[in-house]
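Each of the next two complexes has subunit A plus one other chain: subunit B in the first, subunit C in the second.
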Partner chain A sequence: MILRAVFAGLLCLGVTVALGWAVLERPAPVENLPERVAAAMPESGVEHPITAVLLNFRSYDTLLEIAVLLLAVVVALALREAQPDRPEQMGLDNPLLRAVMAWLLPLMLVVAGFLLWAGAHQPGGAFQAGSVLAAAGVLLRLAGVTADWLDNAVLVRAGLALGLLTFLGIGMLVMLPGVPFLTYPAAHAGTLILVIELTLTLSIGLTLLSLFRLNPPYADDPDDARAQEAPKP
Partner chain B sequence: MIGLWSLPLLFALPLALGILSLLAAPAWRPRLIFIGLPLMAAASLDTLAGLVTAGPQVYRLGDWIAPLGINLVVDGLAVGMILMTTLVTGLCALYARVYLRNHPTSTSFFWPLLWFLWTGMNGIWLAEDIFNLYVGLEVMGLAAVGMVALRATPPALAAAMRYLLAALLGSLAYLLGVALLYSAYGTLSMAGLQEAATSNATTQVALALIIVGLLLKTALFPLHAWLPPAHGGALTPVSALLSALVIKASFYILLRMWLMLGPEVTPDFTAGLLGVLGAGAVFYGGWMAWRQHHLKQLVAYSTVAQVGYLFLFFPLVTNTGPEAARLAWDGTLMMLFAHALAKAALFLSAGNLILAVGSPQISHLIGISRFRPMSLFSFGLAGVSLMGLPPSGGFTGKWLLLHSALLSGQWWWLIVLFLGGLLSAAYIFKVFRMSFREGPQIDRSVTPPLTLDVVALLLAASAILIGLTAHVPLHWLRLGMAFGAV
Partner chain C sequence: MSGAISGYLVFAWSGVLLFGLGLFGFIAHRHIVRRLLAFNIMGSGVFLVLVGLAQDGRGVDPVPHAMVITGIVVAVASTALALVVFRRWYRASGRTDLPEDT
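On to the complex of A and B.
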């Protein structure tokens, strides 16, 4: 055991030293990519370089990353269905929490909307806005508020798929004039990116919330003290 | 530009079908393959036609030029991998449609995962951008982990968790290397890096991280421990896909990375070390396979062994003559394709034998040859290729590697090729010895559906056939590579 810890420690130390060395010794880049991004900005349809890179110049990467997010939920759904016990009703029945929620929720929705809108010209965008939406959903769940439509499997799945399907559909549709995949026409690039971001926000929010909701109840966790209090059959 | 429509279909179509099969009712999920498989086959063949008529191409996504946007590259190697993926995944999908009928509905999530897996693999084969390769690895890896977890039994979940951690560690090491390369050269495009990269500390550390990360994902000995429980314990079509295709993806990236930077940047001993680890894998994997009592564990350890042969590529191609390097290239790819076909066939026929006797134990196969000759025949045909007996793809691959080793004066790799073949024979015949032993005279075995046997046989026959017609695919595979014309 000690030998293992020493070995692991030496390995970490070695990697850290090597990384430090690599970072300190690194040559100055020959290729100036930020300059290229700046030069291509007028054609990108947005004003913020990060959004332009994520949703136009390297939109293919983003498309596949959204697929990774959806995949995570697919795996969670599969595992949830394999252990079909319903998650227990979660949440604290606390009037104060509910009162605070009533104040917080509208604020969170506004912040999410703002972040989405801000993405076009300053830091922000679908990922940030979606995370805020998901946080609002998690808070609701912790406060014990139930929403029937979140238990409707068809509706939730449609919502999960919406962003990726829109992104993919737009990527294919713009090919009609005979240009490569994901080539937005410069005149409509801004609108298309906004549509993609809007649907992605909803889907990302729902994805993160679903991952939270699909988590098994505490009784499945042998390390949880509450599970051990339960009578053993 | 040729393949303008079919090329994006190669990843967009499986992605769309993955989403659709998530939305579809469980009973409809498998049926989507009847739309998807013909379309995927058509798109793959059209890409091949484009390669043969117009030569290697670069596809600019979003019509942005490389360091700014992402390029896809369509060369012989990429198209070869795409065709192999279509063939193996298509046959495994036909197998799975029948196989999964007797499994709980939760396993119908296999279908969305299958399409996502395909998206990730085709994305990797086509990628020319080292960060895009990382994203492809994540799509493929997460789909693969989900497939291992599908069984949802405690051992399956433990294997999936272990696989997930190994895959994530590998990806993160790779990503760290990519970040270092980007900070030093300001580009993520492979062509750009090949031009700009020089031998210095940053490149070396970056490449070391990338190589170690990919070795972990390829399960090269001694980083193989996650593989046998994950591949051996999964549902049969999943095992076949993972062993045949998924581990090849990280090897493929390693191959491209090595051809891009390897020999110029790494210290001289690196190629030799990779070869030695490969030799270790051949011996250790073969030995462990022979010692297994569970049929699918035996096949999984056989993958650990067979991966080793692929790594003989590095010492045989680095600082050797052009002829030896070309032979090593041909031989390695032949081994890769033959292993993909033969291992898929071996897992599927092993699954058929397990279905027939109702037990994963090798010792329960006694007397099965009398009653299930077809399943055993597929197992044997696939075994012929793994052992490297003529006229199989495994034989052709080993023969080419052997010539390359002799030409470059590295005779010691011959020992690996010969002893490795003997070890494969030992574990394949271990199964045969049991199944030919006379057992009860009454057929107590269950007859698996005919489709399952036919699919396994088709894959096994392809592993033999590819050896007989090796010159055609090998000629295409050289298109656009440094090993070009002879």
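On to the complex of A and C.
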């Protein structure tokens, strides 16, 4: 056991030193990407280079990443539903948490909206706004506040798929004039990106929240579960 | 470029250090949740290297930044999925490690 730890330590030290050396001696990039991005900015429809890369120049990557998120939540749903249903036990009975929620929740919603809007010209965007939305949902869940629509399977699934479907739909709609997939016309690029970001924010928030809700605090231990069914004398 | 200990390389080297620490945790521990944590630390190291190397003398390169922001959200989602799978494994077998590791 000690030998294993020593061996692992030496290996990791070697990898770390090699990586540090690689960072120091890395070759200079051949392409000047910042310059190319800056040159293409006027036709992107937004003013912030990261948002432009994310949703215009390399939107194919982003589309596939949204698909990965959807896939993760679909797998989690499939695994969850095979388990026996049990009554929900979540919600900390904490008056302080509930009181703070009343202050925090409107603030978080405003921050999410601001981040989404700010993405066009400064750091921000769908991923950040979606994460804030999901955090608000997690806090609500911890405070024991339930929302009936989150138990409506059809509604939740539609919300989960909304972002990817809108992204795909707009990507194919712009093909009508005969341009490649996801090539937005420069005149409407800003509006199209805002619509995509709005639906992505909702879907990302709902995806992260669903993944949290799919891990309810059950007694996982097989022995514990048996002990609950038949209390010991 | 060699020998330059400039400010922007600090982030990349912190990332390298995190990656090494995570790799050690990943090898040294057998508990699957500890391994997941170690794996996430390795991932954070990779993100830091990408973001750190994206800023050199010619300004900030937005392409790795865009990659990292989607990467963070995907990493969170995959961690949650891994936890769902781990809990199913624990419920089914009562074990916290994988049989191949022992």
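Criterion: the second predicted complex is superposed on the first by the 215 of 233 C-alpha atoms of A that agree within 3 Å, B and C clash if a C-alpha of one lies under 4 Å from a C-alpha of the other, contacts with A are read in each partner's own complex, and residues count from 1 in each chain.
We adopt the following convention: a residue touches a chain if its C-beta (ideal position, glycine included) is under 8 Å from a C-beta of that chain, and two chains touch if they have at least 3 such contacts.
Values in this document were obtained by computation on a predicted structure and should not be read as measured data.
Looking at the shared chain after the overlay, A:37 reaches both subunit B and subunit C.
Applying the stated contact rule after C-alpha superposition, one finds that A:172 touches subunit B and leaves subunit C untouched.
By the touch criterion stated above, A:180 is placed in contact with subunit B alone, subunit C being left untouched.
Applying the stated contact rule after C-alpha superposition, one finds that A:157 touches subunit B and leaves subunit C untouched. Residue contacts after overlaying the shared chain place A:25 against subunit B and subunit C alike. Once the two complexes are overlaid on the shared chain, A:8 sits against subunit C while remaining clear of subunit B. Of the two partner chains placed by the overlay, subunit B and subunit C both lie in contact with A:61. Residues 19, 23, 25-26, 32-33, 37, 58, 61, 65, 68, 72, 75, 79, 83 of subunit A lie in contact with subunit B in one complex and with subunit C in the other. Across the complex, subunit B meets subunit A through its residues 1, 4-5, 7-8, 12, 15-16, 18-19, 22-23, 59-64, 67-70, 104-107, 109, 112-113, 116, 119-120, 123, 131-132, 135-136, 138-139, 142-143, 145-146, 149-150, 152, 157, 176, 180, 183-187, 192, 196, 198, 200-202, 204-206, 208. Those residues of subunit A that touch subunit B in the complex are listed here as 18-19, 21-23, 25-27, 29-33, 36-37, 40, 56-61, 63-65, 67-68, 70-72, 74-75, 77-79, 81-83, 154, 157-158, 160-161, 164-165, 168, 171-172, 175, 178-184. Considering their complex, residues 4-5, 8-9, 11-13, 15-16, 19-20, 23-26, 28, 32-35, 37, 49-50, 52-54, 58, 61-62, 65, 68-69, 72-73, 75-76, 79-80, 83, 125, 127-128, 130-131, 204, 207-208, 211-212, 214-215, 220-223, 225 of subunit A touch subunit C.
Of all the residues in subunit C, the ones that touch subunit A in their complex are 1-3, 9, 12-13, 16-17, 19-21, 23-24, 27-28, 49, 53, 58-63, 65-67, 69-74, 76-78, 80-81, 83-85, 87-88, 90-91, 94.
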